[in-house]
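So that you can tell them apart, the chains are marked A, B, C and D in the order they are listed, and the count of residues begins at 1 in each.
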Amino acid sequence: MIIVLKSKATEADAQEILSVIKDAGLKPLYMPGVERIVLGALGDERILANLPINAYSCVESVKPILTSYKQVSREMQSHDSQVQFGDKMIGGGSFCVIAGPCAIENEEQILASAAIVKRHGGMGLRGGAYKPRSSPYSFQGLEEEGLKLMQQASQEYGIPCVTEIIDASLVDKVGEYIDAFQVGARNMQNFRLLKAVGQTQKPIILKRGMSATIEEVLLAAEYIFNEGNQNIVICERGIRTFENATRNTLDLNAVAYIKMKSHLPVIVDPSHGTGIRELVTPMAKAAVACGADGIIVEVHNNPQVALSDGMQSLDEQDFEKMMKGLMPFIKAAGKVLA
Amino acid sequence: MIIVLKSKATEADAQEILSVIKDAGLKPLYMPGVERIVLGALGDERILANLPINAYSCVESVKPILTSYKQVSREMQSHDSQVQFGDKMIGGGSFCVIAGPCAIENEEQILASAAIVKRHGGMGLRGGAYKPRSSPYSFQGLEEEGLKLMQQASQEYGIPCVTEIIDASLVDKVGEYIDAFQVGARNMQNFRLLKAVGQTQKPIILKRGMSATIEEVLLAAEYIFNEGNQNIVICERGIRTFENATRNTLDLNAVAYIKMKSHLPVIVDPSHGTGIRELVTPMAKAAVACGADGIIVEVHNNPQVALSDGMQSLDEQDFEKMMKGLMPFIKAAGKVLA
Amino acid sequence: MIIVLKSKATEADAQEILSVIKDAGLKPLYMPGVERIVLGALGDERILANLPINAYSCVESVKPILTSYKQVSREMQSHDSQVQFGDKMIGGGSFCVIAGPCAIENEEQILASAAIVKRHGGMGLRGGAYKPRSSPYSFQGLEEEGLKLMQQASQEYGIPCVTEIIDASLVDKVGEYIDAFQVGARNMQNFRLLKAVGQTQKPIILKRGMSATIEEVLLAAEYIFNEGNQNIVICERGIRTFENATRNTLDLNAVAYIKMKSHLPVIVDPSHGTGIRELVTPMAKAAVACGADGIIVEVHNNPQVALSDGMQSLDEQDFEKMMKGLMPFIKAAGKVLA
Amino acid sequence: MIIVLKSKATEADAQEILSVIKDAGLKPLYMPGVERIVLGALGDERILANLPINAYSCVESVKPILTSYKQVSREMQSHDSQVQFGDKMIGGGSFCVIAGPCAIENEEQILASAAIVKRHGGMGLRGGAYKPRSSPYSFQGLEEEGLKLMQQASQEYGIPCVTEIIDASLVDKVGEYIDAFQVGARNMQNFRLLKAVGQTQKPIILKRGMSATIEEVLLAAEYIFNEGNQNIVICERGIRTFENATRNTLDLNAVAYIKMKSHLPVIVDPSHGTGIRELVTPMAKAAVACGADGIIVEVHNNPQVALSDGMQSLDEQDFEKMMKGLMPFIKAAGKVLA
């Protein structure tokens, strides 16, 4: 519920109403604006329906939030959010490119990959240290050793880094080494993990689950936001469908839809979204065009020997070509490269 | 199977081999090039495997076509096909916009809609006279009366028109009035219909079925091509998935994939692909960016009273805005508006 | 809309109301019962809403039909329909097994297959003469020659036969040879075909489309019913999903759901529904258990050399074993083998 | 890789080969049989390919395991596994019914529900204490208080209980109160959690993810098995598809397929698998018929006021009727109620 106070309402008025909200067992929100104070009340719909907020003379209007997600919705905040990653911003008027290998494999590989990313205009480095793999017999990542290598590469090339976090118990350890957490598709509804990263202030790249509806990914973001961390970037990475010519079906409808319904930045993963190297660049361009705020893409210094996802990884030449190819579309979208 | 003849091979050599192919019960193809003659042989894989083509001294190389579709594949023809629609071309270096109402409702509506399409740069007019509707109680279209109105609008505004053909028995009648046939998603595997339109020379806009794989839509195109009609345009219009925030899931991966594997032009239907007016323009831009050769979009002079698909139809203002919004992306793609 | 007349209402009363319905441009239905007359009115919802039926003193109650399908719904008819196929009934207290090869290949094959079906308790023979194949280069069926062989096998073994009808123009010809039409999954929304078979009185086995919703298959049945043919059997044959260990995902939920919502008989195709021979029998048993009225299953005298669907076809031994295995479940369901 | 030793091979021979396997960095398995010793070697395929096992004279045959899952496959163990739950067995010749409310709400509710389950032949009690809910504003479960109530109900009625475990950090605490862990659909690829429950010896009911392939659920089971816990029961609970008449699409194909490929018991959740009370019993019967080893079903003493999943919960009368209805099918399947 959004409660707009009259322009003459004081902070004391606001506090009184916030107390009423809190006493009813609801979550109160205080959102002071330039012209007037806006309050929010979140929680059980039945309690909300019976809250006598309209009776207060300082209240101008009360509006229910029709979507199931609240704090991440455009109804709650009409302007675009921006999320700081390193010293740059994701969202707003810029388009970001985060790139790097699927998995951190060794020092040489992550350093070489980071160099490629930096050299051709990437704004952030990605790479997995804890890999969620379908089979217990597949390479599971270098774990803490990988985090150290990631931090080294990030510092050496002066680009912030993001890695996947696969369990709530790892938040502190992983947080020591990296600048942002990625919550992977398989963990999109690992609510303990969502709450744990919600209690940090690091940027969260929240990947949509393989069969998660748009509403569900926004509710997952709401879990994080509700814990106090507003630095959330939604990532569309393809959904599961009957089509198997491509690894997943990249759902760019979802990007345009989320941009309409939520104030959060949205990025696209054309590598997992297609699974085919040749399709990464066209779909990266499509991501720009449909309104995405950036992409996250797999780049490897030597894809032929990659321990995972080699088929969809770009090498230096591919990456350079993609970056050049994106520029006219970023300009057409009225944006600049972050 | 693709058979490349030596540069010194004569047409008589070619004819001899074509006879061998034909006598084996296979379909022979004759594709003379500037430098050398290329032949094709299509049909039962087991017969192909035993054809002693390599034994002929005029043969330079023999290559199997690995995909199940043959004549529409890039293996058979590496350059892009173009399809003439009215006096313009679909495919090649241009981007076409075909627009109009879901259904032809009456004279005023189709004329007003055609005017909007023409005024803002559309290259073709769409509109349904025979409507395949899920319910027998829904409006089924004006049928022949609709075709006449369509023809009138097309002529009055000087833009070619396309309408859906729903049964092989209607090919002659519908063909009298319109410039191109659309084979709808529900009929993508109506093989009698595919063969019937394949026996005309009119352009065919072949829509991908709601749950058709990319391979299946290319095989459907192969049915048409195999009858002798090469004027085929594939249309991605969204597939069925678990997501229901949008009417369908527009699969732009498929566009980039088909452009890689086939020489046929590909267009996108962002109206059915999203079902939501606000998403039509962003997805039209994404279509340009991922390499599509055009879009087909629903425009209605008065969407509020449309007999079908009102929610996804653009009015004049929306359409004008979309056309202006597309221009920078068409330029970024190195194309011009058809 | 269902209109229940008072018990004292006369046929003249009924005729008066039917006239009102007809004059309003709606379809009137006359359904005399033992105790009272029930009428129906079908068509445009807006006209229905304004029809002053309640004003007639002979009317006891008026009830809208909430589902989009009307005549095939249980709201319109609460008892189970039965469909006569040969001299037996599909639906009611019996469980039918229709079996035979995917495609009719030659005389020996169809006769041998029919013998197997008859010998082990099948009630009907299936087999394709016109095959809808994804590729134009695949075997397309023996066409009329196949129909003749089918009729011969059917007569020789005294079991009725069903074959797929792929185009409205073939209804008369195919109807000469066979006892029932199958509308295949790819043609479930070929509305011309639905209307054409709806104008016959032959039993129709209507297969659910690969991505058709339950509502859509019932609306397809409504098309047939609305033309006057009430002899409709719905067939669940598997839908397209992300899972590819099996050829399709057999949706038995749909069987139980359709039995709840519609009075039509429902059968199951465990051959196409699984694509794997070993799964045919367990899923046939599951079909009995969830309330299906029968199965249609692929049986071939020599699956190793079948021209299509060999992997999912049962040979004589498999079929015999399945039939024996089904019997306890048919009994558990309180039914008998048809 | 499965290594069958000659009948005269000694345990010392076996140990020698196990050492070779271990030294190569692979996981050795020792499976002594009545007639001969069988060994296994698991791990990196490339290392396996180069292991010179055939050279040992005590080795009779070496066979690769073709599926990606190994220890849970029928190739590794041809007979059915059984899992002890309380003092009864899941799998083998019995059919188990585990029932209870979606969420534990209060003492009265869980005791009354447990009474219903026990009274009508349920073998186990289910109920959620930690609820993974899409929205942060939905009821999240009573947590430890719920576990205590669950334990109380379980002991009072003498039936073992199972509850969902949503995070690896909760394994110890939850394990104090309950007899079996359920890994929910959303956590099927929470690999930390799989490993954590794999380090206990409690029975694990592993639910298939909403968009998990059959291969993926068997690989998830492999994670648990590989940690040393062989007490795994796979649960099919419906997958996400385009169909939305039902909450999910219950994939009984998967049950028959998993029974063919794996030795693990498989149960079915017809409550989540349909989402519709009226469909629970028919699909429970279908589960018996296709070879499932049991069902897990939602029962609530008062579904109208249930805090979650009321629409799909059975009340006492429904549950009693279902249990009676199942009996003939359990008998038809040659099983007895566990």
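By our rule, contacts are C-beta pairs under 8 Å (C-beta built on N, C-alpha and C of every residue); 3 or more make two chains touch, one makes a residue touch a chain.
Predicted model, so just to flag it, every value in this text is computed and none were measured.
Path length between chain A and chain D in the chain contact graph, taken as the least number of steps between touching chains: 1. Taking each chain's centre as the mean of its CA atoms, C is the chain most distant from chain A.
Chain centres here are Cα averages; for chain B and chain C they lie 34 Å apart. If you average the CA atoms of chain A and of chain C, the two centres end up 48 Å from each other.
Mean C-alpha positions place chain C and chain D at a centre distance of 37 Å.
The set of chain C residues touching two or more other chains comprises 211, 215, 240-242, 244. Every residue of chain A that touches chain C in the complex is listed here, in rising order: 211, 240-242, 244.
Those residues of chain D whose C-beta lies close enough to touch chain C in the complex are 211, 213-215, 238-239, 241-246, 249-257, 259-260, 273-274, 276, 278-279, 282-283, 285-291, 328-329, 331-333. Those residues of chain B that touch chain C in the shared complex are 42-44, 68-70, 132-137, 166-169, 186-187, 189-192, 209-211, 215-216, 219, 222-223, 226, 240.
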